[in-house]
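Order of writing sets the chain letters: A, B and C. Residues in each chain are counted from 1.
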Amino acid sequence: MRYKTILFLASSVVIGGLIPLFVHGYWLHVTIIACYYAILASSWTLLAGYTGQFSFAHLALAGIGAYTSALLVLNTSIPLYLSILIGALTAALIGCLIGGLVLRLRGPYVALFTIAFSEIFRIALGAEYKFTRGNLGLEVPPLFEGTSKLPYYYTILGILVISLLIMWIILNSRYGLFFRAIRENEEAASVMGVNVVRYKMMAFVISSFFAGLAGAFYGHYVGMLTPNIMLIPQMGLIIAMSVIGGIESLAGAVTGAITVQFLSEYLREYGQLRLVLFALVLVVVLRFSQNGLVYPLYQWLFERKIRAELTKERVKVEGIRNAGGK
Amino acid sequence: MAEYLALQALNGLVIGLLYVLMATGLSLIFSVLKIVNFAHGELYMLGGFASYYLTRLLGINPFLAVSLSMLIVFLLGVIIEFLLLHPIYTGAIERKDEYAILMTFALSIFLQNLALMIFGPWTKNPSPFTSGTTTIGFLTTSNNRLIVAALAIVLILALLVTINKTFVGKGLRAVSQDRDAASIVGINPHRMNLLAFGVGAALAGGAGALIGPIFFVEPTMGTLPGIKCFVIIILGGMGSIKGSIIAGIILGEVESLGSVLLLDPTRGLAYKNAFGLLILIIILLIKPTGLFGEKYVRME
Amino acid sequence: MLEVSNLTKHFGGIKAIDNLSFKVEENELLGIIGPNGSGKTTTINLISGVLKPTTGKITFRGKRIDGLPSYEIAKRGIGRTFQVTQVFRRMSVMENMMVPALSIPKSDGGSQTDHTKRALEILEFVKTDHLKEEYARNLSGGQQKLLELGRILMLDPDVIMLDEPFAGVHPELKMEIHSYIRKMHKEGRTFIIISHDLQSIFNLSKRLIVLSEGRKICDGSPEEVKNDTRVVEAYLGE
């Protein structure tokens, strides 16, 4: 199975690299934004789908990365690449702080706390317009000179691939096992020796770092930042992508992000209707398939065979056991 | 200056009462269904729009429109519970808490976008209840506001009476205390669910219908009040209606007075909405069970 | 080895545990019995760190453990099961076993393959190795209890606390669990077992503690307990 995954990853990277040959201009921009969302959705999945911490502050953390980087470049002589890194690290730090604060909270309280945090931050950014230019928009120096989108595309693709790789490695290690145990049953995990505090915070730090990184890139790509990037409905979009794709897998989140983003653009002419449709799809998917659409589909298609073989095996063994008696 | 502050305090009271009305609905939903309804703000918004269209398009008397709006939102609430939330209680859902959060949140996004699409993003003004002003001592305020405050009080009292004195109210309280025990004595928890969510929604809708005439309605108006309701029921204690009343009025006052007393005028106003959020965060950190209420009840 | 001193636990106005004190020696098999609501599970919750005592202290091998988070206590060698099985439902049996294997760095280190081998051995011991790839939620109630037992063995604790290991289990499986406990006890482990199944617990343990309304009302051999009037009253009267 690991071999299959590596093959899949490698081919995705190759395809991803070749995309600019076929896609230009506006649609390349859409692809770049899709990658941005993919990083956000997958890092959010690590936090929510794996450790069960449903944080609504994810976009605020991306915003922290974005604004930190932008303000550093504008107001200090720190080079741009370093600013982006500092932005990501700042987001990780704040994420760590939030993680520590919500440790004792359960379920909806985490959601409420993080919604409140996100909104306070957004309001503060808007109110302190002397620093941040608030809702008028902060102009951000671009990452690359010139008007070509190509370097931006390869940068975000690179960030996406690297972040997915790192997260994938972590999730397939013992840490991933602990994360899932925490989501399944935190009390039981703790009693089994899993340091739930450490790992819950680890998830926050990792996911916040990548959110901040993506946010910083976004700022230097789009060239303009307003507090509106962290509106709650925007967070809802990320959640929708993750849920529709499959909240329990990175691949699901990425697929969800790309699908939603492209569909959204494709249906742009329908204006407001497409947002209504997406929300409706989200509601329906949640209602009938709590684990999402994409990943369960994949499981159903590819793992059905494996399930069937295991079941046959089990029936055989039980038969022998029962016949032999105890 | 004193006049200005007193006027702000009065406004705070009116707004506070509407928060209370809305928050009691949320509290009722939490008590009986044991879920936090993230779509509450949108139900409030829909109530507001219902009253707008009833009064402006159909020319219905504003007082009647409030009742009708509440009825409409009640029915909507019942449908929502039946279609989307019912599975939680039939054991079909694996991670109930997660599902409730995600589903009600998704619902709120859906309703908000639907409203944007159908009603358009611009603000609208439902017909006022009445015109003119009243002067009490040195304070002058519009009669509209007074009526809104009065109606809010009437509705809150009506709810309290229903919960505590009627048979149906007993049923709701029974289910909120112990679902299984209630069903053993013959109360149908599913029906109580429908009722609780419907009534809770109606209360939010009522608040929306009441605020329309004194401010305005627009499709995104529900987001912040929705969050503020959480502040109120956490501050007052999850599941405690008495606590919600006190907390709601406190919040209304803090917002009105806080924005003029603290900070400079321009930023003060911008931060107005942040006060409630700040309170929420502080409460969650110090005492997640709120001032009066019970600990959060996990559903599994 | 394990000592509970003047332990008290309040829940709001309710005193769940009231000035409880007892000692557990190494390699003992202690049974805790008592009517419903007498505080048996609360005691285990307090020892394992799931709850914090209101007052009193708990020491293990001379060091205080009350107030520590449960993963710290697990690290020190105290493991427990739950009255209602708390397996990781959407993880496979093997994954369930690996969690405690990997969570605490063991003195003998151990690579992935070592852990896997050991997990299989333990699963064989509790006769559930054929289910190793199955999702825990698909197991029967009895099999889940066995999985919990296996999981705790992976932790390799010196003290094992079992909360109602015989509850809701059919007689055949009960005998199996009996024999597993005996075997593990022979290996040198210390046991604290809560049970309503008086027959089983009288058979297994040489020493019983009887709780009633959060207080210890008897501490002795099964014979002594059986004949103690206070115990009879507690179970019959209310």
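Assume contacts are C-beta pairs under 8 Å (C-beta built on N, C-alpha and C of every residue); 3 or more make two chains touch, one makes a residue touch a chain.
Not measured: the values here are computed from a predicted model.
Farthest chain from chain B (centres taken as the mean of C-alpha atoms): C. Closest to the middle of the protein, by Cα centroid, lies chain A. Rounded to whole angstrom units, the spacing between the C-alpha centres of chain A and chain C is 40. Here the CA centre of chain B is 46 Å from the CA centre of chain C.
Taking each chain's centre as the mean of its C-alpha atoms, chain A lies 32 Å from chain B. In chain B, the residues that touch at least two other chains are 94.
Listed for chain C are residues 90, each touching two or more other chains.
Considering their complex, residues 52, 54, 101, 104-109, 111-113, 115-117, 119-120, 123-124, 126-128, 232-233, 236, 239-240, 243, 271-273, 275-276, 279-280, 282-283, 286-287, 290 of chain A touch chain B. On chain B, the positions that touch chain A within their shared complex are 35-36, 38, 83-84, 87, 93-95, 97-103, 105-110, 112-114, 116-117, 223-224, 227, 230-231, 234, 267, 270-271, 273-274, 277-278, 280-281, 284-285, 288, 296, 298.
Chain A meets chain C in the complex at residues 174, 177-178, 180-181, 184-185, 187-197, 310, 314, 317-318, 321, 326.
On the side of chain C, the complex with chain A involves touching residues 48-50, 69-71, 74-75, 79-80, 82, 86-91, 95, 98-100, 102-104, 130-131, 133-134, 151, 155, 172.
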